[in-house]
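Just below sit the structures, each encoded as structure tokens.
Two complexes are shown next, each including chain A; its partner changes from chain B in the first to chain C in the second.
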Partner chain A sequence: MTEANVSVTRGETVSVPEGWQPHIVALVCNWCSYAGADMAGTTRLEYPANVRMVRFPCTGRMSPLMILRAFEQGADGVLVSGCHPGDCHYVQGNLVARRRFTIFRSLMDFIGIDLKRLHFAWVSAAEGHKWAKVVTDVTASVQEAGPLPRFDRPEGWDGIDLPEMAGSGPQELDSDQLDAIRTHLRKAASEMLTGGRVGVVIGYGAGTLPDQTAPIFITDAAGCEKLEWGHGCRNNLSTYVGSALEQHERVAVVAKTCDLGAISGLIREGQLRREHVSVIGVQCPGVRDGSELAAKCLACSGDPHPICDFVVTVDGVHESCQDLSTAVLDTPDARDKQIAHLESLPHDQRWKYWQRQFSRCLRCYACRAACPLCYCSSCIAEKHRPQWVSTAIDSPGNSTWNIIRAIHLAGRCTGCDECARVCPADIRLDLINRKLSLEVERQYGKIGLNPEEKSALVDFRMEDSEEFIL
Partner chain B sequence: MDSSWKLTEAQLREWLQSLLDANSVIAPVEEDGVLLFRRIASEDQAVVEPSGKTRWSPKEFLFPRSEALYRYNFRGGTVQLEDPPMPEEHQVLFGVRSCDASGLVRLDEIFLSGTRDRLYAARRENTTVVSTACAAAEPECFCTAVGYSPVGEEGSDVQLVPLDGGWMLRPLTDKGRELVGDATDGWSAATAKDGKRIAEIERTVAAQIERSPVNREWSRVLEEGFEHGAWDRLAQHCLGCSVCAYVCPSCSCFDMNHQANAWCGEQCRSWDACTFPLFTHHASGHNPRKTKQERYRQRVLHKFAFREGDDEPFRCVGCGRCVALCPAGLDIVNTVAAAVEAIREEGADAAR
Partner chain C sequence: MSRVGVFVCHCGENIARNVKVQQVVEASRDIPGTVVTADYPYMCSAPGQQMVIDAIKEHNLDRVVVAACSPQLHEPTFRAAAAQAGLNPYLCEMANIREHCSWVHRDTEQASAKACQTVVAAVERVKRARALDPIEVPVTKRALVIGAGVAGIRTALDMANAGHSVVLVERQPSIGGNMSRLSETFPTLDCSQCILTPLMVQVSRHPNIELMTYSEVEEVTGYVGNFTVRIRKKPSFVRAEDCTACGDCVEVCPAPGGNEFDMALSTRKAIYIPFPQAVPSVFTLDPDRCLNSKLDSPTGFRVLACVKCEEVCQPKAIDFDMQAEIVEREVGAIVVATGFDLQLGKQAVQLGYQRSLDVMDGLEFERMLSASGPTGGEVRRPSDGKVPKDVVFIQCVGSRDPEHGVSYCSRICCMYTAKHALLLKHKVPDSRAFVFYMDIRAGGKGYEEFVHRAMEEERVMYIRGRVSQVIEEDGKLKVHGVDTLSGRTIEIDADMVVLAAAMEPADHGEIAGKLRIAADAHGFFKEAHPKLRPVETLTAGIFLAGTAQAPKDIPDTVSQASAAASKGMELLSHEFLQRDPSTTHVNDALCAGCFECLQVCPYQAIERRQILDSEGVLLREVAWSNPAMCEGCGLCTVACRGGYINLEGYSDEQVFAQLGALGPLPEVLER
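What follows is the complex of A and B.
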């Protein structure tokens, strides 16, 4: 790559010059594909010279970040190649990678990267001929796709109107019913505190703007009178459980239907112990986004799930003791129409749609801060040896940040939509998350509520689909 | 007394269009349902009378989110340094709210006092601000509680005042008069009755803002109670993002970083915020503001305390964006009031 490639991504217009040749970066595993390429050389096979190779110990070591970095730096196409399943030097690295690339590929397609630019192959050390063929085919494919579109806000572009989202939402609750729930909730919370069951109750207190609440941490029974319930209870309070556990042995958290998956996820990923948290699930009338019901609520029942220790409804407080292993997240679907619409559009339209959204990103990292499952103490966006995600608040770093945030949550995101809610730039992170959930579900089955299960992208099966791999 | 003019909406739009001949014009634009300041290509893109305020202030047109301070490359075995081009284009910020215009003045105090920031200064020099007085307060607005006004003239070169069925245009500075120039042909002069509309708006909007005022003496109380235990409680639910700082018209903190590859690179200045742990993280590993509570306190105090005199304005201009957009529902005015109350009641040294 040259200096010219770098300046291209910085905003100069890309024209397709006469005799343009694509730049392709190949990320290859040391043990198979690198040796395979070597074999191709010693066998004196000819193949196009467009590919520059970067050697890795294993495809399992390759993060989507590395593919994104190649695109950022001006590559028009990327080829990832490793050992055939069963041949991994590290036994299973390529099997985990296969799932990761399956999902990453669908995300890149969704945000408008033509899949003619992104290829995966299994090439063994003995397959010099296959390497030559793969490189020839990939070069032809990237040639056809043309130069990579600019990472930039499209000027003078009208935008896309997405179809309206529709749905009835959970059962509506009138003010008497909400009052009843509030009374039961306050009673349940104060009993937990006085009984010494928990040291703190994390709930919703009054906010300052109309229809707004703010998280509160209650440590004495009298404080429970401050607990609120209604359309303004937007936050997913499970975000706070970890820090509350630093000060209290046991914590109770008030949760809506959509918050419960995150608690389950935190337990599954070893961030919480089930016995340290008491979950108070509350019958939810849906939350408002502006004056309307939030998108996530449109197809939601509002009923608390069996992971709760207590369930508060209009009728009172109930113990919850159903079997978790059968429970499945109530995944909302009001957005699926919008996703299908975006997917029906050509890649360049999708690219423009997302580039415009990402160009608004301020990198305030509110999406990360609000996400219960973004719990890393040091985020990839803050690592600077090397700096994988540019800290400059513009393209293409903004794209990389938004893509990598999503991919780190693939198979883990439980659709609480906190990231999209808190985004000051209204980037439709919910569409990206939902798209990834759909893809994970299609490939590897639904994301369950069972904390014993592994999440899809840290797991694998020998028979996982790989029809896209050359 | 400066002459002021009364314009119809059509005349105002015509003037806006004419500004595009010699200026880069930045105005509120709706993009994917979000109201933002954007460079416009024609007057019809601008939302002249928006129903709310823009999602964030226009500060990024003076203090960009990210900009190169210098570039370098390794050619012929040596390092070559290169200055980025100085911003020379004249720009008009159109439809800026009074609070945001004041916010720009607060930025000037940072970037133009002492060592002048040359890139900021060049942009500021080339910028004319056309502000719009607010006809109504949004639920989050609290400018009057912190000493600002919905019809404030600070930071404005030209002020637009909404009238029934039209606008009053008031050039306020030489820059403003120059911008208006001879466009006044065909405009009618504003009457004394139109002039009274300003005071009327001020009264109406002030009445809509129900917040109790932040007292100027509180700055000292806040400083004295720096170590007060209340801060732990008040910012317990802060999530540690930087929405508040990035949407704020007067927040001015930045970070320096290299954007580089093996051949060339640049020293880049990007927005940063005191709410991030990395903001104060030392190379040694020590962090003087270890907790999110300490970091949030810094932000609050930087707005309402650490002032040189009682006549110095608060650095919070009362736009209310941080209140409306805080993911955790933190409210800076309530926090200040609660902190002051706790410090007064329990004494400045009450334990953490």
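What follows is the complex of A and C.
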């Protein structure tokens, strides 16, 4: 019935109270599944009484936040059911929803929710028998999974050792080389300002500590001397482009290759216009977290990407600007090994791992502040009527916050890892975002750097995969 | 605080057998906001409904929940009752404790617990429901019909005859479309022009039809009931109101070229009437053929090298300075009837097309058969003018052939090929006709008999097989084919070969783009539902007629045209359109302008709106949901990450409350 999710259940002990019955919430679409359930009733088929129905116009109306709320309210299982692809009353609601569900389900699996609890089905208005069977099978499945584990920091648990991440990282640059790059960069920036090409250059300036930088906004040629370059250039400066554009018609921004996806994303999502931004790509020695090379750098060459308007290397500055429609962001990733390891563990271990992570969350939203693609004027976490994301610093709220942020970034995040870097609680946000990037890529193909290309989760194909759908 | 009334139905034994109605009534009393609870054997009966009405009035209820059967069955019933009592119908909900509960769960304890919880959730939902009124959209009482072939003509006439004002736009100088090119139509062998021309004349004379020929739709804005259409009237350089169609100009015009109406089998002058029965019967001057220079001039002529037509025109109708004119019309409904073209596909050349003059497609042969055609109705080889004796007809050239053409069947070719073979035999009695076919599709009325007539009476030889190639040799066309029924290859030395080409939509995306309606992979416009809504599109107010929607013959085209007219008239019969108020609303104070909502909307209901400051400077662009177009699917509400879009009737608040009410009840767990 459900796809073979490779998670070996090694000696899991679930203590279930005697006579326990699962509580299941079903989100159903009005035109097909609700009517199909009606038909099961008219046919007087019998099925378990554990399911509670919530009617929607379409599966397209069903948000992951609703599924999360069902779990938070104590449901042990959730069933989502709608029209067969091609039959949606609203043409494509279920097709868009199918991608949303695929990604959401893979995330739930990753954080340790037993997929025996989360089911998706296509049941048409004529399929009364199918509805009865689906409910029966889902009830049995959730019964097997047992009561939903608590959203709680695990006590007395040794934790998991994640494998070391390997990679040589970018080509080392010695101090002479870095000096050369700095000189070229300052000159290029200065020319852009004197030529009136841009009104401000956003770059890295000296920070308060020797190996740190801080973003600077330079509006005159002389100020370009303050531009720095080195291991401390960690921020994703594209976060600042939006506000800089409020003051200046055109801006230049210094970008590492890992920052570029954000710029493309911002253009794609109407937050920036391409002609208002000049991107200066710079040869990067890799950013360091303390003395360690950041995880994202391990598999990167450090070479500036040809889609930048200008490319600064040891040898100098040259204009580039490759055609965006052919641009590919090649991101092999050292973190994939850790993700694979987590995926090999039984779900209760994963659950404990992630609950321990989420329990540390302070809801400071530094991750959100650092992320260039978190530009919403008012975040879903700030929505109080209704309050989908509980503001209490408790595990359900923390889990929902981190899950929904990851879902909102699925297909958009390109792994700059700023969120993980700035998190004061050291939550491995980079793993979650990378996991969803991998899933989107696996299912729907890589999203390139071309802003004309539709983002994966607002698009659909009839032939999108659905092996997990009943 | 709401005043909710909860009414629980027994439905005779249907609910009461497995659900303890009194338990449900008791549970309802405890729900905050419930002021009235009651039960009744048959809530949907007259006294049952009256009970609800009376309770609303007596207890000043502002919300009602009826716990009974499926809302799919009786929601309209109870909503009407609520309305009768003066309560907004959208403040009445149903809780399904029959189809989803008593009818499917035998255990009374479990069924009752589920019923109680279902009612609780319904009450929480209805407390957050808002009074809604159907959205009224005013309707402009005029229709636009794009395309004036037989489909457009029929649609326009039906609507005009019913008293509606119609604007009929045709891009060619004359109306009539492909049907006016036909000589005779199957299966009756009616003269095509004879049956079409009266309709064409009716159109030109109809007081309710504004006919714009040689015109194209430039832009369409607005939405159902309120479209604004900009139409470009191309300059014909002949003032229609003055032209008497005397023909003096055409005699002196020195510029000849191919005649498109005759599929380039004959010539016409630069100044021309497309065919004798053209409507309107006025001349058009083709700027691409006219000898006058048109350098540096987007329209009209800069240098007049030849003014012969102007010189001889007695009514002084020639106007070399005529410009294109853009006119604007407000319409409530639009019918798309843009018709088809023929497409031979990649195999055509292999079958001799364009290599030999004597290989032609169906429409070209049709012109040859026509009495008003290039040969006056005689069948003659274009190469040497001789009458052919052996003619091979090849079906499915480009159709049913995904590798070289299109995958679909073009539907009319079996019939017109039989017709062509039959007419050939009538005109050249000692000729031989061979038809290479894959299948014979003759499903219409009298169609099968017609094909048999060709086979049996006229002794047309039908060969089941395909043709690999046609090679011209010594003035003959060697047709290399196969006869699958005998399993042998066949070679025929033909004098002429006619290819039954595929039908493809004449519109290549221009109209689809302007109207923002969907087309399938082949370019045929998408109907709202292939079985149940074949003449509507998913864009409210826009309808389809004829081969623009899918390949079909004339009877089906005319039927569909009348159907489209009927749908259009249904729309225009209202002063105001009532649309379901379950629509979305964007909080534009918060909208960040990412427009992912716009990208997922199936109905193009989301528009970009500009927010300007007091000096008119653009601050930002935000999304706006058009309630006249929104169908209430809610895709946008989830696409919006910030949660700035809400859906009436299934609002965030309602869903949130329902989910909150559906957590496990302790009583249920402990058994």
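What to note about this one:
One rule holds in what follows: the second predicted complex is superposed on the first by the 453 of 470 C-alpha atoms of A that agree within 3 Å, B and C clash if a C-alpha of one lies under 4 Å from a C-alpha of the other, contacts with A are read in each partner's own complex, and residues count from 1 in each chain.
The rule is simple: a residue touches a chain if its C-beta (ideal position, glycine included) is under 8 Å from a C-beta of that chain, and two chains touch if they have at least 3 such contacts.
Since the model is a prediction, treat every value here as computed from it, not as a measurement.
In the superposed pair of complexes, A:100 makes contact with chain C only, with no contact to chain B.
Contact with both chain B and chain C is seen for A:73 once the two complexes are overlaid on the shared chain. Greater residue coverage of chain A by touch, when chain B is weighed against chain C, goes to C.
Look at A:287: by the touch rule set out above, it reaches neither chain B nor chain C. In the superposition on chain A, contact is made by A:454 with chain C only, not with chain B. Looking at the shared chain after the overlay, A:23 reaches chain C, while chain B stays out of its contact range. Looking at chain A, you'll find residues 73, 387 touch chain B in one structure and chain C in the other. Looking at the complex, you find that chain A touches chain C at residues 19-21, 23, 25, 30, 34-35, 37-38, 40-42, 44-49, 52-58, 60-63, 66, 69-70, 73-76, 89-93, 96-97, 100, 132, 269-271, 375-380, 383, 385-388, 408, 454-455, 458-459. On the chain B side of its complex with chain A, the touching residues are 31-34, 36, 41, 55-56, 65-66, 73, 139-140, 236-237, 239-243, 245-247, 255, 257, 259, 261, 263-264, 268, 270-271, 273, 276, 278, 323-325, 327-331, 334. Chain C contributes residues 70-73, 96, 98-101, 103-107, 110-111, 113-114, 117-118, 121, 538, 582, 590-596, 599-600, 602-603, 621, 631-635, 637-639, 641-644, 647, 649-650, 652-653, 655-660, 662-664, 668-669, 671 to its touches with chain A in the complex. In the complex of the two chains, the chain A residues touching chain B come out as 1-3, 6, 73, 156, 159, 207-210, 212-217, 235, 239-240, 356-357, 360, 362-366, 368-370, 382, 384, 387, 390-394, 418, 421-422, 424-426.
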